[in-house]
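Look at the two complexes coming up: chain A is in both, with chain B in one and chain C in the other.
Entry: the complex of A and B
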């Protein structure tokens, strides 16, 4: 006897189609925005998620922007538990124009393959990259962004390391990598540190001779804490103190350099969710008031209080559910386009099941919260009073 | 002598209004026979609609006994009363009270949703009810596409869709022109005579009241008098 007339539920949705449509549109936008913002936060933390437990990062204890001497590398390599070291020097060259930013690093080419087993080459070979002193290797996202293929000559204008004759740094693309881990950065660009070092030593380029960071791979079974302490102890008394951290911690510090962006994004998302809750609640309260007489009629006919409750709550859940599904479809559908557009700042942007679940929970949660009060009011209406309401 | 289908014994109903207690029905005693057609008349505030609502299980009496179609309504809770209403009574209101978003046939089908009938059976029964009131050709029209008289006839079709024993009508001709009112009264008379429905109709209109078999007059919450319009082999009332 407590059945809910689903046809009536649907007809009620269409009763004020403009209001219903606008409410749904606002929920679509809100769900999309919340998912988008959450994905930005996830993307910011993608580097942390992709961190390997067996890699350590050594940098100056003063600042990430202070280079370490080249002479440190063999001593770091001699610390018990260290299996491999690799220079990582930030280059920041300009490709055609400054807006074409992507992260470039001068590295020990031969060590890179062993250091990053996550990299899976999709074009070219590591051997060709290692063999060519002016060779380079880049991620699939960057190759796709600029339409590069193996064999292309890439010219970068030095900014930290300019050439006095204003000629560009010229490299040949020898390989393109991808990675199965979606959080692994596929925008990085690697070239031989030797190429940079030789130019600096010969005066063909200007800039400090040194290395921003050394990446260390520890041996299987080695204790990371002990290895970190061993490296830091090497230069405890100078000449330049170093700070060794796990890769996860290094990436976390890198994200924190952006300031409190994740908190800011979360605040915006929370505000959007709260605003949409109020909008949906207002809509459902209006719907409840307008249908007072209808509920009186239905109760007089013999429908139970629970039917009136279910009709309004169902309407709220239906509005929010449909709008949420559209918002999520937009989010998932637009993810590849958005990822390409913002790959420079958020290389790990991608739609994830967790974010889709968050968006769905938001839509249904708003539907539930917005519907429950008017539904409760409708349920407890006395038929005699409801029938007295003006239609 | 038919048995009474409606028994009102010592029923009192009061309302609080502005800190004052208003006695609308005052220890009212009344019986109505099964198959009767009663017009309930009286000045405004005499308790006609309140009595109709109590008999229809839409409201609770403060005291007294109210037995309708064999059920003691004072002992039923909200859900039981709703189930009882669905099965026993059909309502016809002055303002028609059709759901504006539903077509005529869907409005008539509404009470049938509370029965075990299949969708096809519901549709067939609703169409039969519309045919009975002469509106089968308006089945797919929405209320705003119908005249007032047609709306009231759809409301009557809805009231009888579940084949209830009792039809309760509150000023069913109050919002209608003379011709439409005549059609509605013809219909109510037919339901009483052909289908043996017990009808209780609240009205201010003496012409409408004259179409009933008995006129019950209420005054200040008490039974005034009972007039019998026609030979009343099926109707009985006593104070």
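Entry: the complex of A and C
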């Protein structure tokens, strides 16, 4: 193929700067949107990515919403290979308004630090959290969201565990954690299971006395499969069968609850890509039609067919390539802001190299497809006919 | 004022048909995405709210917002059923009320994954309250006090061992499937059995909620007020319609936000495409505009004519988008109801609440895409426009 006059390519782009600009803007939007949607899907799986392989979760084999008796904990702890256990009781209190939702767990405060080495305290201390029976510990995302500082008193209204006298559950914030792993959930809120248990026993609060899940840390070198089987065997014959899973598997069940939502997001992404391909194709066809006369002249004075082909294809690739780069820059640049805005539903939102590659492939793919038809037409043009046509 | 004949615009759309087609399909794809999201929301929301009844009351524990969170002891439930005068009674003088247990039970799906299946323990009068809303389509109802269950039709398609005669184990107790049922509401995703047998098998105490048929003209607002502050047996009372509508708020809000966001962002791109298409149409017809202006058409008429042409493009795009979304109607899907974390099966529904916003959206895209090019066309000077030919 003969060399393509780059100067001419550039002139062509500028000739209809407005149209080129509008087309590029559409592609920018599309690349951004497709990357955004893909990141949402990836973020849904963030919990699985952040899973530790030395933690196991014990839950009722019957239902996630059925509590296990408190008497299970010492027996689980005695299974060979189990190093430590910690209660995890879903609380679902309301902070001022139901829309302020964040995940709250009643836990064994003393076990928490060793259970989650990922947590790095940025304010307060584990010791203070453990020492205060009515203390709580939360992630940096939740603290930031409500502007909490260590020492703040937080009042939660019970939903699963209401208090008949209508007083709120009252806790003092003792520490705030952060984590280096970007996929680690920074919205969790922990408090003493003891505080809950005491209130339920004394009748200050209503609700089942039990624990939804126990989290288990296994000893280094212990075989997870053997430990899981050992725990499940304990209650094979009831009263409430248990199911022990790895943390990744435990988190996966919540993702699978979303059913068809990932498929749905993917179809939307497909729709966006399709719409944008049509827009780019439209522009390039217009460009091709306008240049008919130019190409006629070029061919008449001796340029090859491949030069015309290359000019149009190059223009299409250049437009889509530049627009794609801007779209990707927008995606990467906006990621921190978007992540904060949707942290409640998609805590793991962040720009990843795979998504950037997808966006780039989309832009160049559209450029190639949109350019090839008009380029092929231009290549086949007969100079005489082209010149006969009115500009 | 002379108006440019509409036929002129129609013909010009036809003359540049490849460009028209691409623009229309592009707008169509945008509209179809919006319509698809709205159809999902409609399918989900209508499943709940359309079937809720105003003459059936739901009693929950104060503070809870769904039956998954709620719970009553048996004594508490009995007190509510017996001592609420607003509850209707049957011929035998029995209150038409029933305690119901609701547990999301983990079961295998046909495709190998696991799902949370809503299992409901009901008392005999539940059926009397439901009346025509609830129909056995195959087999029979379970016999009270036995380990028998009936399975909703949508659920029976999605989990194994749900055919009549099969056995499903809940915790440790085997239950025999004796019937399949259908109902107008979300119940078709559920499994029903005897309240007492379910409570025992699932190791639960009491029940989750109480449902009751209300006497004609019962004042629900007054009842709610009274029971909320009741010292002996407090409860949160709602009509079934209110309850079911509240159940859809979270997912509906997510879907409407998602649809709005996608519509906005994709709309921007579609407007740019529309502007492009109109600009190229106008530049190709510069001399025609010159002629129109020189034979006496006012710039205002030119502006209206080209704006109309763009709106027409939008309208065509809207129609194409709705047609693209139409095959979705009736497609069954499942998602989690975030209020109870159980799986609900429902179908996409294309309703007027989907089509009207979709078409209006397409028209807005047409207007936005046409305003500026039409203004540019109207400002051309006849002499220059003619010279450029």
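Here is the rule we use: the second predicted complex is superposed on the first by the 386 of 391 C-alpha atoms of A that agree within 3 Å, B and C clash if a C-alpha of one lies under 4 Å from a C-alpha of the other, contacts with A are read in each partner's own complex, and residues count from 1 in each chain.
By definition in this document, a residue touches a chain if its C-beta (ideal position, glycine included) is under 8 Å from a C-beta of that chain, and two chains touch if they have at least 3 such contacts.
This is a predicted model, so every value here is computed, not measured.
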item: Chain B versus chain C as contact partner of A:350, first or second or both or neither; value: neither
item: Partner chain in contact with A:55 - chain B first, chain C second, else both or neither; value: neither
item: Which of chain B and chain C A:298 touches, first, second, both or neither; value: first
item: Partner chain in contact with A:238 - chain B first, chain C second, else both or neither; value: second
item: Contacts of A:19 with chain B and chain C, given as first, second, both or neither; value: second
item: First (chain B), second (chain C), both or neither touched by A:63; value: second
item: Partner chain in contact with A:92 - chain B first, chain C second, else both or neither; value: second
item: Contacts of A:217 with chain B and chain C, given as first, second, both or neither; value: neither
item: Chain B versus chain C, judged by how many residues of chain A each one touches; value: C
item: Chain B/chain C common contact set on chain A; value: none
item: Contact set on chain A toward chain C in their complex; value: 18-19, 22-23, 25-26, 29-30, 32-33, 60-66, 92, 98, 157-160, 162, 164, 206-208, 237-241, 243, 253, 256-261, 264, 267-268, 271-272, 274-276, 278-279, 281-283, 285-286, 345
item: Residues of chain A that touch chain B when the two form their complex; value: 1-3, 5, 7-8, 11-12, 14-15, 293-294, 296-305, 382-384, 387, 391
item: Residues of chain B touching chain A in the complex; value: 53, 56, 58-59, 78-79, 82-87, 91, 93, 95, 97-102, 106, 110-111, 113-114, 158
item: Contacting residues of chain C [partner chain A, same complex]; value: 18-19, 22-23, 25-26, 29-30, 32-33, 36-37, 40, 61-65, 68-69, 71, 103-106, 113-116, 170-172, 202-205, 234, 254, 262, 265-266, 268-270, 272-273, 275-277, 279-280, 333-336, 341, 343
